[in-house]
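Alright, structures below, take your time with them.
Below, chain A partners chain B and then partners chain C, in two separate complexes.
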Partner chain A sequence: MQIDFLRFTPDKEFLKCLGFENAVVFAENGDLEGYENHSYVKGEIIRPENPEDLRKKLRKVSRKSVVGVESNSISINREAVTRRRVDVILDSVGRRIDYVTVKLAAEKDVVIEVCLSKFLLTKGARRMRLLRETEELLRLIKKFDTPFVITSGASNIYEIRSARQLRDFFSFLGAEIKKAEKHAEILFRKFADANFIMNGLEIEERP
Partner chain B sequence: MKGLPPSLRKRKRYIAFHLIAEDRVSKVDLSRALLDELLSLFGEWGADEVWLEYFDGELGIVGCYHASLEKVKVAITLMSRVGEVKVNPVVLGVSGTIKRCKKKYLEVLKGASSANGL
Partner chain C sequence: MKSMKPEYILAHEWIGLEVEVVYSPNQYEVGLKGIVINETMNTLTLRTEEGYKIVAKRGRTFKVRFKGYVLRVKGDLIAFRPEERIKRGLMLIKKAKGWW
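Let's turn to the complex of A and B:
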């Protein structure tokens, strides 16, 4: 199952043309328009200023939506992976994540997002640094077997790419594509499928 | 090199793509943008092993050698602008001949509509 994580609500037909079956659509404060019409899963972005702010904001989030934390601070990202309510550490151009956070994410079963859009928004030396950092992050993820997802992370239609392109690009950087797809499916079904409890355990209805 | 026997010629690959752009894009501009992207990502070595075979303003075919296919696909994926025009190049597939590439990917897409899900 191909799932993409987006920051806008695209047309479902367009998404299917790109090879995705469904998507998790993230927005700050849950301000989304039209996501119900397309059966997308709703996601909430939290952008905290400090760890205390993160704890405060997490008390207000809805239980029906995927909670993602987006921050440029290592301490906030480290605090976020220890919180039960956080489902995913979202990716951005300035995201900073360290070795300890990746290891903790594996223990706490928090998904780390690796997105393509940050490479489309940067050029030259900055993109060079991002490519190196992403390669290193993917190596750490492989070492600790951390749950991760590869996404387009697009905020408009010009940043979205097909599922095949995402696979090709991230396998070039050394990502384990099958694992990423499995983790995306688990996270998606946790919120989209009422019968799903955890991976390998779900409620079967009697015939 | 001209006149090489077929067994010594480099194998070619053709990448079919669909360009979603906010404005019209010419073949020359697209070719230059692709070359700039390759130069920026992988440097001068091997950057000449790619060429724009066909482009009608929406659908196109990029030719390259088999050995540099992965690099070219990465460059196409990371191409976000042609000049000042925002673009979204969607790779449709890869084929070994131009004829098969056109038949398999471009002709199918030309006859498609949102009604049949293509």
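Let's turn to the complex of A and C:
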């Protein structure tokens, strides 16, 4: 199952043309329009200023939506990984994530997002640095067997790319594509499928 | 009496439950159906119509009838000793629910 993580609500037919079956649509404060019409899973982005702010904002989030934290600070990302309400550490151009955070994410079962849009938004030396950093991150993810997803991370229609392009690009950087797809499916089904309890345990018939 | 949640199958006794093997790398095991009469760390013994069959837990998927539910359980989730089940099964449930 191909799942994309987006920051806007695209048309379902358009998404299917790109090879995705469904999507998790993130928005700040959860104010999304039209996600229910397309059967997308709703996500909430939290952009905290410091770890204290993160804890405060996490108290207000809905239990029915995927919670993603987007931050450029290592300390916030590390704090986010240890919080049980956080499902995914979202990717952005300036995201900084270290060895300890990746290791903790594997223990706490928090998904790390690796997106393509950050490469589209940068160029030159900055893009080169991002490529190097992503390669290093994927190496760490492989080492600790951390749950991760590869997504387009698009915030508008021009940043979205097909599933095949994502697979090709990230497999070149050393990502294990099958594992990424599996983790995306697990996260999606956790919120979208009432019969899914956990990975490896699901309900077939109810009394 | 409040009925038990289906996820507690991971912390529950399996002996006496009705089990069917729905996936196995060994094609002759697929479709084996019976009641669990014994359990070790890595195997389940089923009483089937053809006699007693010992099936490994790892790498198999079981369909099990539990408190009225029919559940699909991967054998890797129950691959520990029956006496450790409460401790380790509850740990798995807590981890999945985010309580851990």
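Structural remarks
We adopt the following convention: the second predicted complex is superposed on the first by the 205 of 207 C-alpha atoms of A that agree within 3 Å, B and C clash if a C-alpha of one lies under 4 Å from a C-alpha of the other, contacts with A are read in each partner's own complex, and residues count from 1 in each chain.
One rule holds in what follows: contacts are C-beta pairs under 8 Å (C-beta built on N, C-alpha and C of every residue); 3 or more make two chains touch, one makes a residue touch a chain.
These numbers come from a predicted model, not from an experiment.
Judged by the number of chain A residues each one touches, B leads among chain B and chain C. In the superposition on chain A, no contact is made by A:194 with either chain B or chain C.
In the superposition on chain A, A:18 contacts chain B only, with no contact to chain C. Of the two partner chains placed by superposition, only chain B is touched by A:169; chain C is not.
Of the two partner chains, chain C is the only one touched by A:203; chain B is not. Residue contacts after overlaying the shared chain place A:160 against chain B, while chain C stays out of touching range.
When the two structures are aligned on the shared chain, A:125 is found in touch with neither chain B nor chain C. Put simply, chain C touches chain A in their complex at residues 3, 6-7, 9-10, 63, 67-74, 76-77, 92-93, 95-96, 98-100.
Of all the residues in chain A, the ones that touch chain B in their complex are 13, 16-18, 116, 119-121, 123-124, 127, 157-162, 164-165, 168-169, 172.
The part of chain B that touches chain A in the complex is made up of residues 20, 22, 40, 70, 73-74, 76-78, 80, 86-88, 90-91, 114, 117-118.
Per the touch definition, chain A reaches chain C in the complex via residues 84-85, 109, 197-207.
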